[in-house]
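Input: structures, listed below.
Both complexes shown next keep subunit A, but they swap its partner, so subunit B is in the first and subunit C is in the second.
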Partner chain A sequence: MKYEEFQSAAMAFMAEANDHGQEWKWVPNHPRPLQNVGADDRGYLALEEVYREPLEIDSTENRNELDDEDSCTFIDPSVIKSETAQPNMYRYHVVYVEAYQCPVLFLQGKSIDGRLLDTEYIWRDCCGSMNHEQSWLTDSCLPTPEEHPVTGEPFHFVHPCRSKDFMDAIMQAFLPSVQEPCTQSNLRYFKLWLSVYGQAVGLRLPLALHSSNPHPT
Partner chain B sequence: MSAELSSKLDLASPATGAATGKKDDKVRIFAKNVGDAPILKTTEFSASAASPFSRVIDHIQKKIRTSAAHKDAVVHLFINQSFSPAPDEQLGDLYKCFQNNGKLVIDYALKEAWG
Partner chain C sequence: MAEEERAVGEGEGLRGAWREAEHLLPLDEVVRKEVWEGSIPIRVELARQDVSTFEAPMPFYVQAPRMGYFPLVLGQAKAYFQNYVPAVCCNDREMWLEHKGNALKWHLPTGVLFDLHAHGEDLPWHLTLHFSGVETKGLLPYEGDVSLRRHFRQTLKQATSLRYGSCKRVNNLSVAQMEQLWSSLQENKFESFTSVNSELLKLSTPGPSGLTEIKRLPLRIYLPHLPSPIQQPFTPFKDDGHLTTLHDVLLQILPGLFETTRLSFAKTQEEEGEDAGDDQRPTVLVQGISPPLQTPVLWLCQQLAGADTFLYICVIPKSKDQEVFAS
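On to the complex of A and B.
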């Protein structure tokens, strides 16, 4: 996928997603004087302020473990859910990266008081419900720390090394019998890509988004 | 659907083919291979409408991994040839939105996506 195709698909996706109650926005790239990077006419897609309830660890179970001195187990205080637990806030950014020739999904997690969530916490909090003890996802799909390519902020990203090959193969396999317009094909690519890579980091898309472009099998 | 071609993910009642959201409703599923993914011996099966999509992923991956050639295979499942549902998506909801002739058609591929 080329950048122009990405931008076109991202814009179309944003319009549909917003219609279905998921507020994505297009963010123009900003100049970064310190890095000597100027402004351009490019941008990225952002879904901000996605709140997620913190890890659900049974507090009764934790208390039992802690009470039993003979079988005392280390408990990370950050994973103990208390009655006052506040949701964490996640940001999801879709940025086109030339080196990979495909969109790349970035995410940043913060606690409600603004502290950045660390990598292992994000793995458990954000990816846990998706891949914990589930054999079809492996460690290689876990997000790793990466500087945001536009803003320079500390983010995590789903490693995109195999994204292009994967998407090319799947799109080829799902070629419609009747040739579709490029804009529709690019939008289909974008939705399919986001559904695959988003689920690895807990990003949910409204089901209705996928029923708006039925592709009979 | 012949008995030979059918299996059940759940051990309860047979498939009704119509998910209405009730707990014991069944969803009929047709699994279709993509690319070089092997064809399953049993391509049709049923599952509880209340169960998560992860049960189908587990089921298909388990079947594929019985072959030595695919013992470490990671499957990716798609619906409507347009998206990959989240593992915790309910089968009943997917059926209501995307069923085709009374079946939820699922394409599965073995292509590696991560790394």
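On to the complex of A and C.
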């Protein structure tokens, strides 16, 4: 997928999703320095301020953490359920990454006081995963820390390494009965891709977005 | 007929490119070893607000490899300073390095950070090590050695995906090879590094068809005031068969800065000997040197790439342009 295809598909997706109550927006990349020297503009798709109630920490787990000498002084405030629990805020960005020539899903989680959520907390909160053993040599399907390609902020991203093979198979399974124009095909790809990868990290899309999709042949 | 003509043209372009490229592609071990051995003298002092003893400690001095990463040398600094810092703060998660009020990104090669932020300054490079306040600095979370390893591997895969169109060459490395690549960075051993690294840079097919294995040049272009690198696709050679030059890349990405370079060339040609035109040119740094802008980028990618096989290009605007960027 080329950047231009990504942008048009993202714009079309945004229009549909916002018609169904979400609040996606297209963020053009206009850092003034680049504008002043005539550099290309490249933007990304963003869903900001998705709130999620903090995880319940059961008393056993809490006690274990307190008993653990190594962790007792570094308990992340965001995992301690306070008297009036405040929600965490997530941001989801869909950015075209030149290295892989496809859209990549980036997410960032913060507690109400602005602290970044830990990687492991995000795994449990968004992915329902308790997997703590991640070798640096294996490809994780869980989000891992990465610098946002446009803003430079600390985000997590879902590695797109096998996106192409996976999405090719899905697109084949959902082939429409008649030849569709490229823009429609790109939009269909985008919706399917985001419904799969977004689901994996706690991003819910309106069901109505898929009502117009053809059934598997 | 049009397609046949295009095919003939493409073949000619490829053959022309190969004539230029075949002498550039073999890895030049003399150049590469010299790049590997590049280092930066660094003076690290402990942030005043993190000193919890009556007397502040003396600064810590270290020679840091350009191709390495700060966490690999800061282990020693942390051990050196730990007796002066509150025990609860002395851990990897809280550490961060500051240069003139700016937090340095631990995941970038040390040489890139120096070229970008301290080019032209007196040595040693003066840095401040902090053990508190990291939350507000916008840095990727650092949770020990595994964070750096994982990030290095991710970056390596990105560069490989750009270069060849897939990550297969990295995925095909054995665990032992990947471990060797990493330990050679930790221990600064060139022979150990290059025996694995060259697997990622050699073409598997000789001749013009081998050149087509390189899909795009793995470039990251940094400017001091931008929050993230500029990455755009560039092929190793143009349709006319000439290799893509550093000037081609910079003119396309930063036309406002490098159009003056054209004028500079013209002026220099007309008024031979005058240097007035050159003063307008931004400083372009790769591994601490300014390559001639006519250098083929393919050669730079083969010989001057970072350990993660990205070519890092730092563009430092002149003070006049700084105002443009600062506004």
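Convention: the second predicted complex is superposed on the first by the 162 of 217 C-alpha atoms of A that agree within 3 Å, B and C clash if a C-alpha of one lies under 4 Å from a C-alpha of the other, contacts with A are read in each partner's own complex, and residues count from 1 in each chain.
The criterion applied here is as follows: a residue touches a chain if its C-beta (ideal position, glycine included) is under 8 Å from a C-beta of that chain, and two chains touch if they have at least 3 such contacts.
Remember, predicted model here, so these are calculated numbers, not experimental data.
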{"item": "Partner chain(s) touched by A:Tyr197 [first = subunit B, second = subunit C, both, neither]", "value": "first"}
{"item": "Touched partner set for A:His159, first subunit B, second subunit C, both or neither", "value": "both"}
{"item": "Partner chain(s) touched by A:Val150 [first = subunit B, second = subunit C, both, neither]", "value": "second"}
{"item": "Partner chain in contact with A:Cys141 - subunit B first, subunit C second, else both or neither", "value": "first"}
{"item": "Partner chain(s) touched by A:Gln184 [first = subunit B, second = subunit C, both, neither]", "value": "neither"}
{"item": "Touched partner set for A:Tyr100, first subunit B, second subunit C, both or neither", "value": "second"}
{"item": "Which of subunit B and subunit C A:Ala169 touches, first, second, both or neither", "value": "first"}
{"item": "Touching partner for A:Ser111 - first (subunit B), second (subunit C), both, neither", "value": "neither"}
{"item": "Which of subunit B and subunit C A:Ser8 touches, first, second, both or neither", "value": "neither"}
{"item": "Footprint overlap on subunit A, where subunit B in one structure and subunit C in the other make contact", "value": "134, 136-137, 159, 161"}
{"item": "Complex contact set, residues of subunit A against subunit C", "value": "31-34, 36-40, 73-74, 97-100, 114-116, 118-119, 134, 136-137, 139, 144-154, 159, 161"}
{"item": "Interfacial residue positions of subunit B with respect to subunit A in the complex", "value": "32, 34-35, 54, 57-58, 61, 74-76, 78-89, 93-94, 97-98, 100, 105, 107, 109, 111-115"}
{"item": "Subunit C - residues contacting subunit A, complex", "value": "88, 91, 93, 105, 107, 135, 138-141, 143, 146-147, 149-151, 153-154, 157-159, 161-162, 167, 171, 175, 178-179, 218, 223, 225-228, 230-233, 253-257, 321, 324-325, 327"}
{"item": "Footprint of subunit B on subunit A - complex, ascending", "value": "129-130, 134-138, 140-141, 158-159, 161-163, 165-166, 169-170, 173-174, 188, 191-192, 195-197, 199-200, 204-205, 207-211, 213-217"}
